[in-house]
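In structure tokens below, several structures.
In what comes next, chain A is part of two complexes: it sits with chain B in the first one and with chain C in the second one.
So, the complex of A and B:
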């Protein structure tokens, strides 16, 4: 039997296990969230998604409340509006606001949407990580709203647990064990913490200060391995005399691509090769003089064919072996083994990610 | 959380606290991620500051007794001292915690308190009271045997007839909790004793543990047998260590003793369960309630020390008898009273006595009554005109306060209310777990705004809004009530807040 509940006067179907937030989102009813991420367990900590459920005295977090048959839910009324505005105003009081270093800050966007202004200003500082030495990720404790998306992502999605909520009360912060640098922790520098952070407290060392409007997003497929992760290159189109430059890599939203919004250190940060001066752009063949010389693809492939044939002639078919790269897709791997078996007659074929 | 993880706080303690390298050492030993270990250790004050030897209570009653001067004179000579939150020794201020030994400051010296001293001043022994703190401990197990004869259903009926409500602060009917646990399909169940007493002004549980451990053990055994649990866990605050035993088995029930490591919030039952499982003591979302998903996600009966201590006499003398002990609500009640009274202590009186009656039991007022806090810091302040209001849940709720833990602090004419409110606010700011923004930011906002008001006359214009949002938006009771000391002081003593 279909189960239904009522949100803001309209009836909606749901299946067991869905949260109020999921039912609302599926039906286009906007409920603001900061600590929510569909990949993570709901914790109801940011308090922005509080709604009213009939029969309950207290406001309840939509993210952590399961839909129930016949429930009557209100997502917007005077009480909820006041709550949202005041809550955001309190967040703002504990949050530095400067247009210059704004970046993508969901909190500031939300505050604007709900017309929230800072309620006083807090002076006491929170401690950052003292020796946070790593090439890619930096943490600005003052921008952190302690939604713990990063901590939970690191544990629940990556299984790494490099960071934790540390300290207590207003001194709570995000830290590694003994506040060491990330390179001296179990961190794999996947950058997921940067991606899930709603305020930019976790950010990339490079490329952050650019405002959204100055950049262009280009969806592409990561070519580091065969998984086929989708990624969004954030490009500064004016750099390199108009040829553009990748300032950072974002992952598409969770649930939208095969990689579910996840990337690894290579895909997220390893873009330096793209316009690196040492990058090979044409084949090189070593000449009689011992030096490498530019060549065409025809020349290069001819050289390979001749070399393989010479080895086979001198030592037999099984003197050749083929190892394909982990960067190859499954189709490319198929072609490599076809080449080995059908063309060169050997079963010596391997894929480097197989062991 | 795994059972291994539950050992983390103790392991940190045994390695001398959260020093550099300790998290890694424990990680290598247990396989638990070192960041997680660090996160847990950094949460608890008795673990995260390994060099601090002495802690001086800055609770309201201790401040009235000059504890800030103690803090100044106590440190030095290589001994590191730091301020700390209420130590549940408000009847013998100023309180000092020496490592984990509860002590007082006497003639310039830290004096450790023995079990008798920790019992504190109490009512004279009266056999017509449920707990009778001054009575002789009785280990005959009469009530337990009686309960076993009666059988679980009859005990539950007695409990319902008694009208016993939780004595920790929330006042939930005890029999409903017991039935909720007993009715679960899951057969592995737990009893947890909340002995993490920390509400400023409250020290009754300390008195019960020191004077009537018999009542506690017997009550816990009865509870375990009735709800079908084989294991009882006693979570006591670190400062009570000298009163506590090691794990033991009693009448077929295993008792597990677990020391807290310095976090007021762990008196909140779900935060306590988190801490027991080895996590950061941050309250869980409710529902689910512990009766359905408590310790290790099993049905769990969590009770305050005083609630459990009422059980033996309820079983022996019947529910009607207990109900009849109260004046306006069922039962006799332990009131902790401190501040400006002659004989601070723990007094057992009919539930619903007035402040004047309570103070008479405590030897009378010191000076002229100006205000009082009826049920711990969370209950805010009431003016002297409320001195004849019954100190019960309903009557205090009518004036926006609460009975809470019945930790009464009396303030006389010498006390300035903004000063008193500021100390309560600082307490909550210090003890907020930091999980949710309304509490984490709100407590600090209020304390800073009041500080600025007192130093420069800055207006207190954000107080109403912040207090409202803390009440609506906070996850647990700490944040929901933490603004009350300030809002109630401003309501009843407005003249002290305008310059």
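So, the complex of A and C:
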């Protein structure tokens, strides 16, 4: 028998085990969240998703409350709005607000949306990690709201438990064992903590500060292993004399692609090679002196065509071989085998990955 | 892959990555998933956290084995003994899915007859895995409904790699763990586009879509399509090409592979390359092979061109241009089109989208896929025969694609090179989390390189003591083919008598050591087993960051 509950006056079906938040989101009812991530167990830490359930005296977190038969839920009214505004004001009290638009600070965006202003000015004593030597991930203790999304991701998804909540009371912070730098911890630099952080407390060292409006995002497929993670290349189009520069790599939201919002160290941080000065930029032809010399495309391609023709004339068509590449695209592999077969008449075409 | 095409009718993961989280018994063999396929590793961790049984078969302790229910630490190259013994148990204890076997398979009797001799007790002697563990693994795998096998190059990079795949396929067919969500047989592809390169016909025996070049129907189709006469004789595979270099093979075009760093028995290969009349390299970086090239063509990285990659789960996804190529570098596809034009071909292709459209015209499996459709709907999984077909999440759901799944009776053949007095260690090679293949990309990335800056060879503490070697000391590792010097990493991750090293480092090229004997079907070389000797050369200090040494 299907079970139903009522949200904001409408009736919705649910299955056992679904939270109020999941039922609401599935039906297009927006409830603000900060600590929620569909990949993680709900903890109800940030309290931004509080809703009213008829018959319960106190507001209850939608993420951590299971849907129940016949429940009557209200996601927005004056009481909830008042509560949410106060809550956001408290978060803002020790949150740097001068750098709006700096990137992905969901807290600041939410505060603006709900017209919340800082409650007094409070100086947080939360300690950072001055010795956190690593090239990628920065922790800014001032921006942290202790939602622990990063810590939970590190434990529940990546499974390495490199970072943890440490300290007590106002000194609570995100740290590692013995407050060591990430390079000396069990961290595998997957960057998931950066990706899930709602306030920018965990951020990438590269790419700041850059206004969102100055970059473009290009959805593409990772070029490393065979998982085929989808990723968004965040590009500064004006860099490199207009050639463009990949500022950083974002993962698409959880639940939207095969990789469910996850990336590994190579996918997230391994694009520096694109702009490396060692890149081949000019065609080269080996000269009489045995050295490679710069040439025009016209010269280089003519040399290739002549060279292949000479080999086949002297030794037959099967004296030629083509090594294609599982690193290149489907289309390029198609073209290599067509070139070998249709133009040069040989089936000597393969690549390193036909196991 | 050839093994899967033969037994099932399609060489690809039968399940989807998204199904992994719901698998109740994961049998991971010859795959260091968390390092080689980290994001699939996350899905496996998720299944294990949920309570799925995790069985890891690997000669080394790996990240996954630390959370596995049991770790079958088999001797490298003895997979057939382990798998046949598991089949033996499943048959002996009546755990086979007889209805599935009757309806969907053929040749089961041959396997029954063969595996009868592979008792768990005898297998324990050969593999080093206890008979109890083998029985437990066989029972657990056979009796769990959602049971899936995952493997990579630890299975295929052997002289009997195709045998290994067939032995796995036997387990799948006799238990009926096929054609269902979260149950199947899943090769995880090492490179971004292994699946796509094979799909596209970069193969000496197949046109695109696994149509054999010696099948006259396929031949006629492509002769008509391309307007040329084609040769029905299969060509040389990569392994054969490398061995014939400078002999039968006098001219070579290489796109996007550093063969000198990646192919086995490099010493021999370099001699061959010196004897080649004409070598063309098309790549993004100068590499170890460009030293031999007559012409070098500067190509583009994935971020600078349009196209598609097909991932391990058969999903065709878009590659999109985000930045312009440096200098005069050009997209590989456009270089190839120019080259064909200059050689006299009259192709009318002008974009990767048009190339893809031409490819699917003659291949039923991909016929419903186009760039335009992927841009609109996201990645599509083949088979996808028509433009309104949603793609296929789980293979073989409506019956095995081959018609009947083919059982293959497999007898154990030892690896071609076994330890002896002169070369007492078994050397295996592989990949690490922080680097990728020949590392032309990852070693140019500061952070990846700082996490793992130098080459190392893993040695068990007991062996290290006998060799008077401590972590960080310099050692010489030699085989019948060559010698490299690198740092020792003393760790219990390997068992006594076995050593392991990554192949990413050009200053300590693992492939000077590896054996180029190829699998009889695919030609894939035996990177995972060869006999080696280790000698201490000098004292040193360890700069190894701790993270990758599982203790």
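In the analysis below, the second predicted complex is superposed on the first by the 276 of 355 C-alpha atoms of A that agree within 3 Å, B and C clash if a C-alpha of one lies under 4 Å from a C-alpha of the other, contacts with A are read in each partner's own complex, and residues count from 1 in each chain.
Everything below uses one rule, namely that contacts are C-beta pairs under 8 Å (C-beta built on N, C-alpha and C of every residue); 3 or more make two chains touch, one makes a residue touch a chain.
All values reported here derive from a predicted model rather than from experimental measurement.
Q: Could you say whether A:93 touches chain B, chain C, both of them, or neither, answering first, second, both or neither?
A: In the superposition, A:93 touches chain B alone.
Q: Of the two partner chains, chain B (first) and chain C (second), which one does A:186 touch, if any: first, second, both, or neither?
A: After superposing on A, A:186 lies in contact with both chain B and chain C.
Q: Touching A:33 in the superposition: chain B (first), chain C (second), both, neither?
A: So A:33 meets neither chain B nor chain C here.
Q: Is A:199 contacted by the first partner chain B, the second partner chain C, both or neither?
A: Neither partner.
Q: Figure out whether A:19 sits in contact with chain B (first) or chain C (second), or with both, or with neither.
A: neither
Q: In the overlay, answer first, second, both or neither for which of chain B and chain C A:229 touches.
A: second
Q: Which of the two, chain B or chain C, is in touch with more residues of chain A?
A: Of the two chains, more chain A residues are contacted by C.
Q: For A:50, using the defined touch cut-off, is the partner it touches chain B, chain C, both, or neither? Pick first, second, both or neither.
A: The first partner, chain B, only.
Q: State whether A:325 touches chain B only (first), chain C only (second), both chains, or neither.
A: Once the two structures are laid over each other on A, A:325 reaches chain C alone.
Q: Common interface residues of chain A with chain B and chain C?
A: Looking at chain A, the two contact sets intersect at 185-186.
Q: Write out the stretch or stretches of chain B touching chain A in their complex.
A: Contact set of chain B toward chain A: 20-21, 23-24, 27, 33-39, 42-43, 45, 48, 263, 280, 285, 429-438, 440-445, 448-449, 462, 465-466, 468-469, 472-475.
Q: Touching residues of chain A toward chain B in the complex: what are they?
A: Per the stated touch rule, the residues are 43-47, 50, 58-59, 61, 64, 79, 82-83, 86-87, 89-91, 93-94, 119-120, 122-124, 145-146, 155, 161-172, 175-178, 185-186.
Q: Over in the complex, which chain A residues touch chain C? Could you list them?
A: 134-136, 156-159, 183-190, 218-230, 233, 235, 240, 242-246, 257-260, 262-267, 269-276, 278-286, 292, 297, 300-305, 307-312, 314-315, 317-355
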